[in-house]
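Okay, so subunit A shows up in both of these, paired with subunit B first and subunit C after.
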Partner chain A sequence: MRRAQLIALLALGTVATFLLSLMAGKVWIAPWGLAAGTPEALVMAELRLPRALLGLVIGAMLGASGAVLQGYLRNPLADAGVLGVSANAAFGAVLALFLGLSATPLLVAAFGMGGAVAAMALLALLAGRSASATGFVLAGVVLSSLAAALTALLISLAPNPFALEEIVTWLMGALTDRGWPQLWVVTPFAALGLGLLMLTGRALDALALGEAAARSLGVDLRATRWLVIAGTGLGVGAAVSVTGVVGFVGLIVPHLLRPFAGERPSALILPSALGGAILLLLADSLVRLSPGAGELKLGIAMALLGAPFFLWLLWRKRELIP
Partner chain B sequence: MRSFKVIAALIALWAGAADARPQRIVSMNPCVDAVLLEVADAGQIAAISHWSHDPAGTSAPLEQARRFPAHGGTAEEVIARRPDLLFISPYTPMATREAFRRLGIPMVSMGVPATIADSLAQVRQVADAAGQGVRGEALVRRIEAALVQAHRPQPRPALMRMASGLVPGPGSLSEALMANSGLRSVAADYGFAHAGLLTLEPLALKPPPLLITDRPEAVPPVLKRLRVPVAGFDRRLLNCGGPSLIPAAKQLAAIRDSRP
Partner chain C sequence: MTLEISGLSLSRGGRPVLRDVSAAFAPGSVSVILGPNGAGKSTLLDAMAGLRAADAGTVRLNGVALADMPHRERARRIGYLPQGGEVHWNLRVHELVALGRLPHRGAFAGESGADRAAIARAMAAADVAALADRPVLALSGGERARVLLARVLAGEPELLLADEPLANLDPRHAVDALRLFRRAADAGAAVVLVLHDLQAAARAADQLLLLADGHCLAQGDPAEVLTPALLAEAYGLEMLVRQDAEAGLIVAPKVV
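And then the complex of A and B:
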């Protein structure tokens, strides 16, 4: 498939899932012809529209970060979730909730981004020292466990059962009841992060040939590293601080699209952003349709969908992991 | 002289009974804490649970609770106080319970009551175990009187939903108390058969006639736009029943009587 065709198709899919996300729910609402002032119009304006936009922004961010990380580390296992970036962002955000800052979403996001940038910087430094793919993923797993332990520590120190309930519910990951304020917090940082990641394309293509080859092609590896750290840290950190941990998007989407987009890492970034948005919007529409009075948590649904799918993918093409 | 002997014997019996009252009661159950503070002598209580010292969690008046030492809930802290009566809950971990059993500490387990009758029975059980049956009965009378006073016929429909989204739902003590105070819960209309989380969407699509919430200042913008009438309610009063039923019934009745 030609690249332009692929992108057009994915863009079309994004628009379609965005519309689906506006309509789907316990009550189906058509986004057109709504009379102002009715509960349906209010639900559309105050809840569904910001929620769908959040899904779009966050899905795109997670998808693109997966494609860039896999290219930069030359490792198909790389993803913000696997490498512990999301877990450290979650730890930062939980720290903010623990300190009673939940009333200031911007501060929660700042803590989340702090955690994500710190984890990314540590990993990038490690990657600079040893190029071994196994060592790198191992370091990510260790960072992830550390963040999980620190988060559990904060939970066990929670001052009262209500703070505990707030933290635990948030950790499960969801877009439920998020509105405009959260969208305004995430969007600038996600856009900035996405922009920085887009800039790495040429360097990633050169890196595919190895570090020495990339250097000889005139790629500034230091600058590339900082672009990846800042882009992933800001974007994933801000996204996690609003939704909690929603995994698998960055891992699955690049694998799904690589057969169509080709092996060149730069050709995969934009399609992965669109694919991530489609996947997240689709999953978020599905959780709203779950039976019962409540809603399935998006983070849980993503793991339930993502894990078996990824295992199947590994099974089918075992040469995927070198 | 014979009648004097009988009286003397009765006094001895009464004194003996008083001595037989547990003198070092420890409670690991915040709901029992609230009852103990009402029925036991101050000298009988060795320690209460740490929840009762927490302004956001206590089911008893905070100042009253702070007059007694609290423990953190580990077996060590409890054993160090050498209790002669220990109140636990169904949520006390198995290992902790086992440690008490090995040491031969007398234990009474109390759950979280789901109905008003359960709650009153629990008050009596706690008071009896503490050797204060008379005061327990008096407390039950006070609660019953408060419920009668708060009783309102002609129920007004309302939904109780905490800021976290939690809806107590059918079969809960909260709904029983609402019903007594003249508030008909509409939780079942949103598909609740028991407690659960209610998201904003179904709530906005079917605005409740009256929303009772623990944080009226934090009502989501979409409900404000729909001009849903809101009443604030102290969530701590619904955790346990027992003595807190008195202010709870009063608050709910005041909500029922407020102008629509």
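And then the complex of A and C:
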């Protein structure tokens, strides 16, 4: 399949899943022909539309960050979730909630980005020491566990049951009850993060030949490292601070697209952004349709889907991993 | 494009690896760096590629210190083929060869006609044109080595550095590769190879550099450097050196 065709197809899929996300729910609402002032129009304008837009922005960010992290670390198992970047962003955001800053989404996002940047910087330092694929995944496990422990510590110290419930519900990862204010916070940072990640394409291609060859091809590894840290940190940090941890999007999407887009890392970034948006919008529409009074949390649904996929990847690639 | 090294010293992790090495590499010539394991050959090549900073001494390309040269310009002038044949993604052969043109492309530009022509020339020269659409990780070791060679040729560098480019090649493809380096030199490039195969070095080189323990033991044409005395000093092994009418200089360890 030609690249232009693939991107057109993915763009079409993004529009389709976006429409689905507007329509799907306990009540199906067609997004056209709504009379102003009706409850349906209100639900559409204040709930469905911002939620679908959030799904679009965050899915694109998570998908692109997965493609870039895999290219940068030359490791098909890399992903913001697997490597603990999301968990550290979550810890940052929980710290903000713990400190009673939940009324200011911008501050929660700033704390989330701080956690993500710190985790990315640690991983990039390890990357500079050319650790093996296994080393990275292990480092990610350590970073995740540390973040989980610190988060649990904050939960156990929560000042009152309301703060506790707020933190726990948020941690499960969802787009539920997020609206325009969250969208305005996350979009600029996600756009900036995506932009920075897009700049890394050529360096990622050269890194396919190893660091020495990449440097000989004129790649500035230090600049590339900072682009990856800043792009992932800002984008994933902001996304997690709004939705909680929604894992595995960045892991699954590049894998599904490689057979069609080819393995060149730069050729995967834009398709993975579109693919991430499709996956998240689709998953979020499906959790809204889940039976029962409440709804399945998006983060839990993605983990239930993503963890077996990760295991399957490990199984299939076991002879490739040193 | 003349590369001049003067008084180069370099240490790694506090251990001196190169000590006061000086040499010049002229356009149109093939030079080979020889020496036992750990003599500092790869480190010297890295320094010549501008990838490793020196403790003392300079590396100059046509009089300009490599350390002062912008990355992009250095990358356009110097082609560097590291040892080991590292490839991380299952790229198609033509995609991998095209990576050699990265320093020639504008910031957000695609491949130009000149890029495509250079890629096609390099693939034909390295005898990999027939593999263009094959995934790299499915190739044999020798095929992959030739594809990586095509990658560095595609950049059409003025200084071509290759670290053990003959590893993994069968005798025919090794001879072909040496011819390829000769052709690059005839086209005006300065070619510098690190080799372990003394026989290949004798055959390919206009100039030999024999390194031992970080310093330059001998420098000159093959007949001057490949002598039993110098080889014994460098490798700690008794060597037989014979002039043969058909094979040229024959160098082999003595059977004890």
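What we mean here is this: the second predicted complex is superposed on the first by the 307 of 322 C-alpha atoms of A that agree within 3 Å, B and C clash if a C-alpha of one lies under 4 Å from a C-alpha of the other, contacts with A are read in each partner's own complex, and residues count from 1 in each chain.
Note that a contact is a pair of C-beta atoms (placed from the backbone, for glycine too) under 8 Å apart; a residue touches a chain by one contact, two chains touch by 3 or more.
Note that the coordinates shown come from a computational prediction; the quantities given were computed from them, not determined experimentally.
Enquirer: Since both structures carry subunit A, what do subunit B and subunit C do when superposed there: clash or fit?
Expert: Verdict on subunit A: subunit B and subunit C fit.
Enquirer: Considering only touches as defined above, state whether A:R264 meets subunit B (first), subunit C (second), both or neither.
Expert: In the superposition, A:R264 touches subunit C alone.
Enquirer: Calculate the angle at subunit A, using C-alpha centres, between the directions toward subunit B and subunit C; round to the nearest 10 degrees.
Expert: Given the fit on chain A C-alpha atoms, the answer is 150 degrees.
Enquirer: Does the superposition put A:G33 against subunit B (first), subunit C (second), both, or neither?
Expert: neither
Enquirer: Is A:D177 contacted by the first partner subunit B, the second partner subunit C, both or neither?
Expert: After superposing on A, A:D177 lies in contact with subunit B but is clear of subunit C.
Enquirer: With the two structures laid over each other on chain A, which partner does A:G25 touch: subunit B (first), subunit C (second), both, or neither?
Expert: It touches subunit B, and subunit C stays clear.
Enquirer: With both complexes overlaid on chain A, does A:A212 touch subunit B (first), subunit C (second), both or neither?
Expert: Second partner only.
Enquirer: Minimum CA distance, subunit B versus subunit C, superposed model, integer angstrom?
Expert: Result, nearest C-alpha distance in the overlay: 45 Å.
Enquirer: Which subunit A residues come up in both lists, the one for subunit B and the one for subunit C?
Expert: none
Enquirer: Taking the complex as given, what residues does subunit A use to touch subunit B?
Expert: Interface residues on the subunit A side: 25-27, 39-40, 42-43, 46-48, 159-162, 165-166, 169, 176-177, 179, 288, 292-295.
Enquirer: Per the contact definition, I'd like the list of subunit B residues that touch subunit A in the complex.
Expert: It is residues 51, 54, 56-57, 164-166, 190-192, 196-202, 204-207, 220-222, 225-226 of subunit B that touch subunit A.
Enquirer: Which residues, counting only subunit A, touch subunit C once they are in their complex?
Expert: 71, 74, 202, 205-210, 212-213, 215-220, 262-265
Enquirer: Once bound in the complex, which stretches of subunit C touch subunit A?
Expert: These residues of subunit C touch subunit A: 46, 49-51, 71-72, 74-76, 78-82, 84, 86-92, 95-96, 99-100, 102-103, 135, 148, 151, 155.
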